[in-house]
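Below are two complexes that have subunit A in common, paired first with subunit B and then with subunit C.
Entry: the complex of A and B
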């Protein structure tokens, strides 16, 4: 495997660039040593590795402005990085350049606005950090947590439209951004959302992103290819008195898909996370589980919150009524029980799916992890499950499908996952993910946190006018193509 | 911890795609256990970053990563370096030694990592060090430890103490069921701790003896210098056997870990029970034996070799709570979340600034409890925390638990 790609940085001017970077960031925050560059050159996925030329640990906005101006002048690629946990190769430099690491020193929670309910964050803030801060200082407010490890970036996931344990009621994390501060290619700063009032940063005015034209779209999901985010305000919610979870166990794809859609439409659960039954077995210690015919296909976790017992009971009754309808329609049985009770019976290891932020242990089994994570049309979940299952069977990979209802089932998440030994099985997994991608595309799914190879495949089938407009927008936002060049395969 | 690389790949899967294991460099000159550890690095760790925080507490956990910042200085970065060196993606040069050796081998990352390989992370780092030593030689300062152990059987370079004088002084027999394995740091540097242990044993009327112990091997194993290890281990096994011991007690956390874990790792069998002083003393105390402590406030620092490495968290706390009339206030980061003292893994000698800055953070944490005593159960922790305490210049008293017990008994 070759790590160096065709870097835009010419070896002869490397020392000049290094001096300038040291001037901007201070010598101790700049490195070009190969052993320091290497961990940034690849991730857990099958995405091709690529070395950066420099890493800089960023401390403040002034440094970002200066480096962007310099890079734009010299046409040097800048790859923003928080923890590199995106599972899509999104921080692997495609053309060398400078990785800007925000995770280590630009990671302050700037402000929590209690009554407007938002958190104003620097890019490096992690889920664990925000969780601890709210728990200790604002226990009446809550944020949301994905199945991602606690040391993953909140801002990183927001600007990538991540999904998490409040997604059934609130949708994608990209929707909950109130405001952004971004450094544009010429080094100017732009504030998107209500924070645009006044030139001085007021931590009190990040309350909403509407009703202006929503320029947020110029930065969300662009994978750092249009500007560098230096501040981000994310919405918080009031914490309700009761937070519990139900666990429902569904047989076959049709029942599971209907369950996800219908329970989502009730608009009473915070989240719906369905995982293949094999995954529960993995969490309980079996790395290569086999599902028995007698076993159900999908356990589904339903985090719920309520103002009081009565409120909670009404919600549970509504869930049960919905289940009865599905049981009747499909002539099936859906076991639904209190999650805590289930965990007490089966083993606490299963709690990793419920007590977030946490580490979903099956995801960290080996040295490789990849997925075809997609936003999916809810009506197509059945064929997606069935046909993806065939790929898992073909490659003899333990079934690992993860699904969610998003925003009351307006859309869904369909994410088949593969864990593997990186230095042994990469080729096999590349083939398997390529096959899974085809199934997903066939049923109208759109891969999120899109790796370059998937983006290239996507380009072959999408509206060419969209692609033209997309490229023009990129050119407008980044005329010298310095921001994470190569992303989205353009 | 499975190390059979193809064990989970079925024949059916192999029919789909040819399985091509990465070509590895030759590591056959490494100790077999270390070879196995390097293979672990190939097939485990997705770099999920979980080990950067204390799990569940979300407080910083890795002293080396916090100090240097670059990914290569955290556990996952080191695993990646191991992988890259093994697969030939990274060539050797002297600078690689920094991320490899600037790790305290505190094992905090092991407590935080939730993956199946978690108990092998320090093994990987130590194996990587053996590989580095074999290919480039040990860094200069760490090499001194091996030279001194080779010559005088201790890493401090003092003339070897056979412990005969101590035996005479304390009137100890040649044979006894219990051997007190002093450990080099207590025997050559933190002598108060050694003397307190001897005094406590005497006061408790223990039938014990000392042996002509050689370095347990800990500083060399931690720094990948394994050539002398079999001889050191064989010698210690022999003298302990000759003393007729059934139990070996040590007040050094590093020796404790080595005697308990590393002997087996290197295929050696001590064949005796190994106890830390705190666990040896505790059941021998009864109510009324210890004087009161006048409401003094104390806090406890978990030595990594006891805590992160062996999950030994409760007994020292039980012993502290047995002391009458003291106020025991815990620091913010304790037990699995505890922060290292900064001394281990060859860092005290190789990266003294890292050692001191790590210890200073612990001292500040102790100060926040308003404790008068910062207590530990390891001479090396005592030494480094004392050094940092002096630099910070505050009135905290850094002391070992056995010294307190000796004063009160």
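Entry: the complex of A and C
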């Protein structure tokens, strides 16, 4: 494994940089020891590793301002890092430099505004932390949870437009950001959203993102390449009295795709998460599952919430009516029942997909984990499933597809996932993910949390004017290319 | 009588189909209960549990072994068809009893003349399914979930 890439930091001025970093962060928060750097040099994916030169544990905004000013002056790369769980190699340094770790010491829930329903967070807050805080102190409010482990970052996922268990009603997490505080390349601080009004220390003015020009786009999905976020306000939602789930089982790609689209359009379920039956069997203890002929292809979990029993029952009836229509159209049967009781029958372990946040064991039990996670046109789910299945077969990998309806089926998530043994199988998996990417691109999918190698492939087919504008924007936001350089393959 | 099998354990195979895994899970709810062990021991019967519109699972009771196989066989003592996974969860919840299941056609039986086998299997299966129902009820109330705060 080749770790040393061309770091921009040359060995001669390393000790000078170290002294400056120690001055900014305190000696105990700075390290350049190889064994400390190593965990930041790779992730679970096939993305090429790369060593940083320093790790700094960030504690406050002042430190961020000082380090950015210094780095900009010296053209030193800064790689912002929370927990590195993005599954896209997005915190692997491409040109060495300083990893700014926000996960360990800059992780306060600054404020929950109960009536305006938002949480003001430091970058390092995790899903588990926010979940526990709300449950214990604001049980009438809720946030969303992805399939990601509870120890992964909320802000990291918001600024990467992650998807979660409220995505069918509310869409991508990027849409739910009310405001950001960001340190720009020259060390100035900018506050985006309604927080631009009033006292800058106020925690009460983070209620909305519009109606001014939406500058949030300069930071969302940029993978830390345009500025350093130091605060982020995320929308919370009222928690309804009843929160239950339905479980449906669908037989083939056409039926599953229609089910995801049509149930999404009903606008009554919080989320639709479809996983291949193989994945359900992984959770139930089969390490190398194979789909048997008559097994249904996709179990689908439908989290739903309602104000009371009557409201819930109306929703269930509407889901069942929609199912009847699909059954008729496709001459099929879709079985549907209460998830809690189904799970108790089939095996409690299946709950890993439902009790979020949670460690989804099938996702983390191998040393390697990768996926081609995409935003997909809902109409193309059927060929996507069928053609991706062929790639899984070609590479002899258990089929693992995860799909969602987003924002009432305006768009969908299509995410084929591969678990593998990192040392043994990486080369084969690289080929498999490359093949899957081609299928996805063919059907108009756009990869999210885009690894560099995928971004480079994307650049070959996208509008060149978009790319030119994108590069100009990066140059404007980061003239010395210090913020996570190399991301998006530019 | 009960002491006779107290120390014995039921040996299960590892079914690799999803419904077979479920049947195993249900049968395991009372796997250490001496009364249950007595019902299982040397029963030596083959039962097919069919899930309508999905597929059949064959459960072979032999000595202290329970083998759960994907698909069906010609050589069975009883064939029970469960109308849907909703019927299964209704049985678990207690919203549907086995008798009303038969009467309403939500559960169908072949070789009904083996009434003793049917009754014996009901005594094996239904209390376990009801225990699953209890677990489902707890989970619905938020008890024992994997994300339970303070768990």
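Criterion: the second predicted complex is superposed on the first by the 489 of 490 C-alpha atoms of A that agree within 3 Å, B and C clash if a C-alpha of one lies under 4 Å from a C-alpha of the other, contacts with A are read in each partner's own complex, and residues count from 1 in each chain.
Just so it is clear, contacts are C-beta pairs under 8 Å (C-beta built on N, C-alpha and C of every residue); 3 or more make two chains touch, one makes a residue touch a chain.
The shown structure was predicted, so the numbers you read here are calculated from the model rather than taken from an experiment.
Undergrad: More residues of subunit A are touched by which partner: subunit B or subunit C?
TA: Of subunit B and subunit C, B contacts more residues of subunit A.
Undergrad: Can A:469 be said to touch subunit B (first), subunit C (second), both, or neither?
TA: Neither: A:469 stays clear of subunit B and subunit C.
Undergrad: Quick one: classify A:83 as touching subunit B (first), subunit C (second), both or neither.
TA: In the superposition, A:83 contacts subunit B only.
Undergrad: Could you tell me if A:132 is touching subunit B, subunit C, both of them or neither one (first, second, both, neither)?
TA: It touches subunit B and subunit C both.
Undergrad: Classify the contacts of A:210 with the two partner chains as first (subunit B alone), second (subunit C alone), both, or neither.
TA: neither
Undergrad: Taking the superposition as given, does A:337 touch the first partner, subunit B, the second, subunit C, both, or neither?
TA: Second partner only, subunit C.
Undergrad: Considering only the touch criterion stated at the top, classify A:294 as touching first (subunit B), second (subunit C), both, or neither.
TA: second
Undergrad: After the superposition on A, what does A:33 contact: first (subunit B), second (subunit C), both or neither?
TA: So A:33 only meets subunit B here.
Undergrad: Where does A:347 make contact in the superposed view: on subunit B (first), on subunit C (second), on both, or on neither?
TA: Once the two structures are laid over each other on A, A:347 reaches subunit C alone.
Undergrad: Share the list of subunit A residues that count as touching for subunit B in one structure and for subunit C in the other.
TA: Of subunit A, residues 131-132, 150, 352 contact subunit B in one complex and subunit C in the other.
Undergrad: Please output the residues of subunit A touching subunit C within their complex, sorted ascending.
TA: 131-132, 135-136, 145, 150, 244, 247, 249, 277, 280-281, 284-286, 289-290, 292, 294-296, 299, 333, 335-338, 340-348, 351-352, 355-358
Undergrad: Residue numbers of subunit A touching subunit B in their complex, please.
TA: 1, 3, 29, 31, 33-36, 38-40, 43-44, 55, 57, 83-85, 101, 104-105, 126, 128-129, 131-132, 149-152, 287-288, 352, 359, 361, 363-369, 394-397, 421-425, 427-428, 431
Undergrad: Can you list the residues on subunit B that touch subunit A in the complex?
TA: So the residues of subunit B touching subunit A come out as 2, 5-6, 8-10, 12-13, 16-22, 42-50, 52-53, 55, 57-59, 69-72, 76-77, 80-81, 83-84, 87, 89-90, 93, 95-96, 98-99, 113-116.
Undergrad: Using the touch rule from the top, collect the residues of subunit C that touch subunit A in their complex.
TA: Residue positions touching the partner: 14, 16-19, 21-22, 25-26, 53-55, 70-71, 84-86, 88-89, 92-93, 129, 132-137, 139-140, 144-149.
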